[in-house]
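For reference, the structure discussed in these notes is given below.
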Amino acid sequence: MLHVPTEVQTGLKLQQIVMIDQSNEIMTAVGTIKLAWQDPKLAFSPDECNCQVKEYTENNFNQFLTETGGDWPDFTFFNQQGNRWALNRVVDVLPDGSVTYLERFSTNFQLNFDFSQYPFDVEDFYIHADMLYPEDRYVMVPMEGFSAIDPQHGEDEFILTDFDTSVTSVIASRVYPTSRFTFHFGAPRYQVYYFFRIFVPVLLIILISYITFFLKDFTRRIEVATGNVLLFIAFSWSLAEDYPRMGYLTFVDVIMAITFMVNTLVVIYNVYLKWLETHEKRETADRIDRVADWVYPIGYVVLIGATIAYFF
Amino acid sequence: MLHVPTEVQTGLKLQQIVMIDQSNEIMTAVGTIKLAWQDPKLAFSPDECNCQVKEYTENNFNQFLTETGGDWPDFTFFNQQGNRWALNRVVDVLPDGSVTYLERFSTNFQLNFDFSQYPFDVEDFYIHADMLYPEDRYVMVPMEGFSAIDPQHGEDEFILTDFDTSVTSVIASRVYPTSRFTFHFGAPRYQVYYFFRIFVPVLLIILISYITFFLKDFTRRIEVATGNVLLFIAFSWSLAEDYPRMGYLTFVDVIMAITFMVNTLVVIYNVYLKWLETHEKRETADRIDRVADWVYPIGYVVLIGATIAYFF
Amino acid sequence: MLHVPTEVQTGLKLQQIVMIDQSNEIMTAVGTIKLAWQDPKLAFSPDECNCQVKEYTENNFNQFLTETGGDWPDFTFFNQQGNRWALNRVVDVLPDGSVTYLERFSTNFQLNFDFSQYPFDVEDFYIHADMLYPEDRYVMVPMEGFSAIDPQHGEDEFILTDFDTSVTSVIASRVYPTSRFTFHFGAPRYQVYYFFRIFVPVLLIILISYITFFLKDFTRRIEVATGNVLLFIAFSWSLAEDYPRMGYLTFVDVIMAITFMVNTLVVIYNVYLKWLETHEKRETADRIDRVADWVYPIGYVVLIGATIAYFF
Amino acid sequence: MLHVPTEVQTGLKLQQIVMIDQSNEIMTAVGTIKLAWQDPKLAFSPDECNCQVKEYTENNFNQFLTETGGDWPDFTFFNQQGNRWALNRVVDVLPDGSVTYLERFSTNFQLNFDFSQYPFDVEDFYIHADMLYPEDRYVMVPMEGFSAIDPQHGEDEFILTDFDTSVTSVIASRVYPTSRFTFHFGAPRYQVYYFFRIFVPVLLIILISYITFFLKDFTRRIEVATGNVLLFIAFSWSLAEDYPRMGYLTFVDVIMAITFMVNTLVVIYNVYLKWLETHEKRETADRIDRVADWVYPIGYVVLIGATIAYFF
Amino acid sequence: MLHVPTEVQTGLKLQQIVMIDQSNEIMTAVGTIKLAWQDPKLAFSPDECNCQVKEYTENNFNQFLTETGGDWPDFTFFNQQGNRWALNRVVDVLPDGSVTYLERFSTNFQLNFDFSQYPFDVEDFYIHADMLYPEDRYVMVPMEGFSAIDPQHGEDEFILTDFDTSVTSVIASRVYPTSRFTFHFGAPRYQVYYFFRIFVPVLLIILISYITFFLKDFTRRIEVATGNVLLFIAFSWSLAEDYPRMGYLTFVDVIMAITFMVNTLVVIYNVYLKWLETHEKRETADRIDRVADWVYPIGYVVLIGATIAYFF
């Protein structure tokens, strides 16, 4: 018996992004998935039931299952991580046997973020819906005009604009190939938050510590630079809570590492000047220091420039 | 067969606000929704069952579904985010076929806050109940005298007073228009908390740092101003936990940014005075400083005034 | 047909307080509710089933529902906030048709705390059980000798002693009056925690800052008082996490506000003394200061006394 | 009809301790409960079903309930606090009507800790399994050789060694006595954590502050002692998060209270010495101070010794 | 009747690691388990149903249970801790009675970590799937070519590479031996995080405190060393949140303990030098100090080297 696989038109509307837990890389979202296919076995005469359409909701979904004998394009979200709450399900069957399945769901999806350019990273979000039955029974096809990101999605941290959908053939949980529908969007972050909470404070602290170079008081400079090392360590720890413990440093980690190093060098440098001073070589100290007033800011700019060049 | 849509009277009583999670923009609430409609197919003779009313609760709700053949104005909350717990459901059917559906539910709703005037923002809260079936079958109508916010709602942060309800026609999850009942209220925040926890501390710190201007000790002033920059940075970070990471600055963010800048300028200014002093120009320093005693407070007032003017 | 409402004896045993989340005003608790009523329709002959009592548990509860036709005094907890987990349910029916319903549940209840006298506040806790059916069908009556607070309740923060129960007629979720059984208890807090964690530290800090008045070093005093302002601000922020963001100040907030103000005044006062000193009026400063040694502690006592008088 | 209660052999294996939430006094655990009893009504002929044993699992547990008519020793955990997840249930019935019920469960139990000797406290853990039916129907008996604590229990904070089981007759949720099986174990804490995280830091801080007594610089000592008061207050707050807000002080609280007091006395003492110095009585100060070098450490040892004597 | 146990081919694909909660030692994961066995009772003629394979999913799983009479190799995860969410289940039965069971699940597993070499520890992760029925009915056998760790597992902290599977015979919850399938993998941690967040900061702080040895200002050194003791205590507390409260010290704990001790010794040493100085033995102090410049770094290296030698 030759068997032509049934085509299942598939669309997905991402309606709400409830939460993005970046350190565990989980997105909780509410969406609606729509499947449309043709099943001659479900065709009926409108006279028979005195209706133009047969409609099944959550409350009588079992009746639909009985009528299909379980033979419908059941699916699963491949990168789902907990339970899937079906907020509601509606099935419409037309007399010619064309079926539409609509499900509004709330679930959480695995994300695989690449934080290396953080916080200037553009992250990819995927929702994978896999057919339960093999490709020789059901083949997915992207549905025209249904898939969308609702403008009311409620996400404030990432800038959601475009998306794309695709269908592939995968061997995931099963041993034979099944159809996979993928809803994907790439999103950068709003920069205001990071600019204001990270870069402005860091710049101000560096600026203030630079200004102390114009006070020819070496002890005070040692204190300020020591304080800054501790401050930047604390800063760096607090930033680390935003993402998982990874095998690589992010852009902002490297910027922080540079501030560690520069401030440690500043401490060593000023201890040396102080040592010169206590050994009555104040003049040598002053001569060296006149150079440092320029080397310090230029060094920072060069190091940060090199970091930017490396990461972007 | 011409088909007149059934009118569904809809009301909602908001009974408890369990929690408002502002950084994820989620409101967990307990409420009661009431639907009333006429279904001739459910009419019965009181003699038949020896009763004036047929009543169905959670325990025999399936019986109601069987009797209607699933044909009742089932609904979903459009901006619900997790599971909806039906605390109890009661259906009353009168002999003439008029039906009342009452459900007490506990669920969480998406909020879309605009924090820009925070903490003087007035936020809008919406509960959207959507019909599952199209408008040509069921059309919602606001019910008279049922909708309310229970005075025992238990919300302490927002001042809940008025509300309004409306019915619109939307194309949300489905492809044909469905009826949407919206329960909306706008609420400002109680100001005592923010006044006492944010503005009083900030004012006291600024006041204390201003007073040091009357001590003609430039080193001490540099220390105080440097300390204040760090303090305001910490303050600003702790405030940032109240709302999501957004693409804009709130009123209180800008106030904080002003304190950053002013204190950084104060550091630079005092380093300059100190520099004058060590170069034996103490008199010039004192002359300049006499002006600063006035410029400093006036500058603050002007900047904060401009911020208020911009935001409100 | 005249209809006499069935009397439902109602009792509640509060067995465990799992958690009291004060900032969201939620109490999670385990309890047992007992309902007893007479239903002639359920009377049976002991011979018929060869048993003295018919017993239904969770596993065959549906059978009980079938036998009553759903006609039993079903209830709901009015101030419940999430799901109600029925840990177990037992129904006993005697040959004369007297029925006892016992349910052990675990759920969370809304609290409406008044924190104004915090931490010396006495809070009221309510559990409201509402009948689902109107008063003309079932009327609740407090049961003798069942209601209790289990001595093993496990609550450590509040002192639970007495309780009372009452029955009222309310219009809550329904449109007709239903019977409400209320289990209420008022509880003060154990004071040891607050005494040791708040009042002792505050007193010690004030004491230490007072002692510096005996060191005639004005700069040092300015430093100490400035440090204390910051310390009390941090203290006050950390206390604020114990309760929601409200429209009023609590007793402990006002105490904190007083410490803010006094310390700010101390800063201003000492800057003035320092100014006198640098303008060679050290004697005037010393004369003024001798008065302050007495005014300072007396001022504190008076302010705190006035606060106590206002709040209690 | 005389009725002999059925004996129910009961055993419990504690397999995993998932979490012990000490500040809410909740233990989440996984265990297996085993019940064995004789029910002549379930006896069968092996030929009839061509089997030596009838086995029921979760999937056909309802069939077992039907065959017993709900008449089996159903139970509940008395100190359970949320839902009980039955990970699996297996019932074995032998031809002679002897039944074995095995259930692996995951649930959370209430604990009633006495923290007064914290962190040297030995806490008692209880799991209470109560029969649902009265003692005249089912009486529990401890089962030989089944109850155990799995060596793989996964608990790291408490040292679990011995346990005991017992059966008592209680009136808990019901009004007639029911059988209660109790699984109990007492467990002390591993001391390494507390030694290293609390006592070593406290000792080091006290040691360092003691050393400053050998520097005859009173101002510096005042600074150190003031800093220590604040440090110990912060320490004490952070420790308080480990247990609920209680009506009594723990051992470690009292140790902390002693450090508060001693350091406050040290501040007062040194202000007095400083006052002597500024009033040109440096010699008197030195003479007094020589005594303090000995009184200080001895005082600490005596106070801490007294605390230990009081608590243990 | 002689009874040969049925062989059950078992495989497991670990697809996502949702979260590893190290302080509670819990791993939440998504995986697929596959069981394959032969059941002659399920054999059928393809003509009978006009199909090559009988397929059961979640929606008609009960039908499969009915057809087997509950007689299938049901299993449980032995080290599971909460509920197991079956994301989907598919059963395929071929005409010859060979059955394949596929279940995608999401659940949490107990881990037993040995943190002693933390953060250079290699941890073992286990997933134990136990048969519910005894070994004389079902015996597991590892399935060829199915078990795997999905490269998209999403774990960032541990380096997952190899795994192994095995089958053992255990007496766990039951009293007779059952078959256990174990999926195991050992994983080290990515070192970048710990290197950058712990070892670099500690090294920098030690380096800076060492540099102060070249400033012959003993008071300043005392301050720095005292500050470092507090800093390292805070550091050590913050590290302690990564793992449970255990009965042993980890590698990083011991490193921290060494920094406590060394800094305390530095305080004592410098107080002694200061004492020498104030007693006009500055020369002795300087002579001693010249040695310390070398002893200090060498001491650190030796102590840390000994710690490494002990732990690895």
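Note that the chains take the letters A, B, C, D and E in the order they are written out, and that residue 1 is the start of every chain.
The definition used in the following text is that a contact is a pair of C-beta atoms (placed from the backbone, for glycine too) under 8 Å apart; a residue touches a chain by one contact, two chains touch by 3 or more.
As the structure is a computational prediction, the values presented were derived from the model and not from experiment.
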Euclidean distance of C-alpha centroids - chain B vs chain C, Å: 25
Centre distance in Å when chain B and chain E are each reduced to the mean of their C-alpha atoms: 40
Shared-contact residues (touching 2 or more other chains) in chain E: none
Category of the chain touch graph - line, ring, star, complete, other: ring
Successive chains along the ring, chain B then chain C then the rest: B, C, D, E, A
Chain D-facing residues of chain E, complex: 24-26, 65, 70, 74, 76-77, 79-84, 110-112, 132-133, 172-175, 219, 226, 229-230, 233, 236-237, 240, 244-249, 253, 257, 260, 264, 267-268, 271, 274-275, 278
Chain D contact footprint on chain C (complex, rising order): 13, 15-16, 18-19, 28, 30, 32, 55-60, 85, 87-88, 90, 102, 104, 106, 146, 152, 154, 156-157, 159, 189-193, 196-197, 200-201, 204-205, 207-208, 211-212, 214-216, 220, 224, 231, 238
